[in-house]
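Data block below; observations after.
Think of it as A, B and C in the order they're written, each chain with its own count starting at 1.
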Amino acid sequence: MTSANQPAAGRYPAGSAAFPHRDLTGLAGLAPWEILFLLDEAEQWVELNRQPHKRADRLAGLTIINAFFENSTRTLLSFEIAGKRLGADVVNMHAAQSSVKKGETLIDTAMTLNAMRADAIVIRHASSGAVRLIADKVDCPVLNAGDGQHEHPTQGLLDALTIRRAKGDFGKLTVTICGDILHSRVARSNIHCLTTLGADVRVCAPPALMPAGIEAMKVTPFHDFDAALDGADVVMMLRLQQERMSGQFIPSPREYRHLYGLTLERLAKAKPDALVMHPGPMNRGIEIDSTVADLAGRSAITTQVEMGVAIRMACLDVLTRRSRGVEGWA
Amino acid sequence: MTSANQPAAGRYPAGSAAFPHRDLTGLAGLAPWEILFLLDEAEQWVELNRQPHKRADRLAGLTIINAFFENSTRTLLSFEIAGKRLGADVVNMHAAQSSVKKGETLIDTAMTLNAMRADAIVIRHASSGAVRLIADKVDCPVLNAGDGQHEHPTQGLLDALTIRRAKGDFGKLTVTICGDILHSRVARSNIHCLTTLGADVRVCAPPALMPAGIEAMKVTPFHDFDAALDGADVVMMLRLQQERMSGQFIPSPREYRHLYGLTLERLAKAKPDALVMHPGPMNRGIEIDSTVADLAGRSAITTQVEMGVAIRMACLDVLTRRSRGVEGWA
Amino acid sequence: MTSANQPAAGRYPAGSAAFPHRDLTGLAGLAPWEILFLLDEAEQWVELNRQPHKRADRLAGLTIINAFFENSTRTLLSFEIAGKRLGADVVNMHAAQSSVKKGETLIDTAMTLNAMRADAIVIRHASSGAVRLIADKVDCPVLNAGDGQHEHPTQGLLDALTIRRAKGDFGKLTVTICGDILHSRVARSNIHCLTTLGADVRVCAPPALMPAGIEAMKVTPFHDFDAALDGADVVMMLRLQQERMSGQFIPSPREYRHLYGLTLERLAKAKPDALVMHPGPMNRGIEIDSTVADLAGRSAITTQVEMGVAIRMACLDVLTRRSRGVEGWA
């Protein structure tokens, strides 16, 4: 724990009275203090969640709708638990049974959720930009739980919280993100978040999985994983989607592991106390070896899951303050 | 808002002590005052749902089971939110994972829900009459959330509430319902509700989608949509199910829109302030044009969704009063 | 009701301060007093569940995750209702939408649930032993809701509670379990439970559905159902899984009914007041005739369902006492 873990009102603008965004659709464009504020707020929920009685009544009487147009067990569970621990009435809308299948437009679905007087809507969707589209049509805060290849902002925040609790000041850190950078919303949110907070971010991918012009995001691209790992404080591995494991993007999973899998030998290129991260679910033996994934004192993979619930509680709490009439830094 | 929006005890029988039905399986056979009583009760929930803190504890400690043998995102969400805002413990039983698939009879499923000591069971089923069958076997109130081509009573009630809030006294209104009258439980519940309340109801459909002998339901049938719209106060469009869009019932969606789609030009045949309604989900460009669906001050489509939650709260509250020991009009 | 229904502290070891197991993965190995303690604890919940206001706040602030890797409507509903009536925050993880499908290992899924700080995890899985595997990896109590052909301990407990409430002292009872003994986790849990409590247990199955060496479980095997029924106090029929209704195991459902179906005539071989049980869902007309399943005063099938909720409340309450700081017999 470093002092960076403690909420510090002095970090926030003196004249400001509240978090200045209604929605959380992405981390691109957030100011450093806005991100730090959400991390600071999450600390109280990390503590609460470690108690036997992990319940606040802050969102009592509010209705949160988790509208998941794309399946995701972990993220849905995490948001559902977050909402319930804050005392909200949480309802899940599963895509599999959705009116969307009956030909309804996404905007009509959004208008329907809005008319039911949701106090916050959490959306996951396979299309980039779908969350912004919905946010523009409803009257309540909208939280992006992952949209296409765009952003997954709560993942970026929970990763930053995990890093801060282990390593402290971002300005002194080198973070290496390795995997399918091209298609990964996790990578995009992490890049926005970590570069904003001042970290030195390296991205590493096979040529076919590296976006053109990635340098514009203030990161350093690598194709050689060993070089990318050299002296890194944090190694963040991305999940290789099964549909990309053959043919067009990589020759084979075995070849991928050979060049881009995190093994114990390769981890030794990073700093001796480098943190190992993975957003899950892992393909053990492909992008990460089990010996690394389970490395005591180094792997932060389950801590990331724990921070996820706390970050989502913080976001739900902060974004609903305006409608609850709770403002300011108190 | 008209005075008809305000609950008025004088409307109800002086000698009666409670709503005289255990279940809500349909609107056929309800007395005018019984329907008005449910609409009156819903008003308080419309108000509550517009507050940031939208929670009553009236059903605390009660278990409500939503048993949906047929998928329906909107109706399930609406009932789930209604139950939770009243403080009940709400559990959903999804057909997709049901014992019904294992060959269990519907009645055995009902007996199982009953034995778990449900305080109310909300049922949606693809077969007409399935809800009544279940209601006869259980000890608690049963609410019909749509059964086959029979009834969808809470839809009829929410539509009536929407109309009353916009137009007032039903006795002075002409309501035109257009679409697949033959297969529509929404149409049936609306016809029962609106004719009982004294409205002049017209139904309009292509010949193949109009039930024989519909005049017996005290409505006037039309095949010419323009004639049916003439002077109407309310235009209620029905969803055209995709499985009926070709062949047996209509030549093509394009032909259907040409004859029975609600366009701006056609809406001009109705009264200048005629209300536009649709139970959703809409097929924009088929039974209703987007310009009409989104017409400010005229389209009540999202208001219908809002009234839906309030009506379901009213029904859950009223029907569980006996078991809670709360009776009378207080 | 017999005096055996009343909790009696004298039954439990004087020196002990708590239920001595963190998990409930099976009934094999439990001491008689441990089983009786869970039955005794369930009695209060039977009473509560018969009230209109069926809510305790004992588990308020606790998070219970129902992780169902195998679908089961009844058991999931029962656990969900049990958790909610105790005031817990209950979340369901459906296998159909699980990361397991993305290739994640079962242990990684377990670690994820654990990292979200679940206070109890209820697991159903198609593989025998999967629940034990998970229990070894997490920090909270794990309850087995059925794993492969291993055990279904809450079913065994609810059956024992049903029998005790109807028949009293187990030491005087003969219980006949008939059906697919080979594959049935229900049979296994019941055999462990009832033999531990001192009942005389007979098992009856066609030769292909009887495990070799079943005598080692302290039961008497029969292939002749009439002989197995002779003088029985309780007749417990098992569900015949549809995938075993033809070919390898039995000639045909008709043949199965002829030899092993419980008909009125056959029931007459048992004691005149013999109790009829079935864990559900039933194949009416195959393993049990409708006349028997619905026999008033004899069939305990819906009572079993009712006892199920009470037993699950008892198990959730008792197993979370340690983390809640509630110990002893008070």
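What we mean here is this: a contact is a pair of C-beta atoms (placed from the backbone, for glycine too) under 8 Å apart; a residue touches a chain by one contact, two chains touch by 3 or more.
Because the structure is a prediction, the values reported are computed rather than measured.
Enquirer: Touching both chain A and chain B, which chains are there?
Expert: Per touch definition, common to chain A and chain B: C.
Enquirer: Where chain B and chain C touch, do the two copies share over half of their residue numbers, giving same, or under half, giving different?
Expert: different
Enquirer: At what distance in angstrom does the C-alpha mean of chain C lie from that of chain B?
Expert: 41
Enquirer: By the touch rule stated above, which residues of chain A touch at least two different other chains?
Expert: In chain A, the residues touching two or more other chains are 94, 96.
Enquirer: Can you tell me which positions in chain B touch chain C when the two form their complex?
Expert: 60-63, 65, 89, 91, 93-94, 96-99, 102-105, 108-109, 111-117, 119, 323-325
Enquirer: Note which residues of chain A are touching chain C in the complex, please.
Expert: Counting only chain A, the residues touching chain C are 49-55, 71-74, 76-78, 80-81, 84-85, 94, 96, 242, 280-284, 302-306, 308-309.
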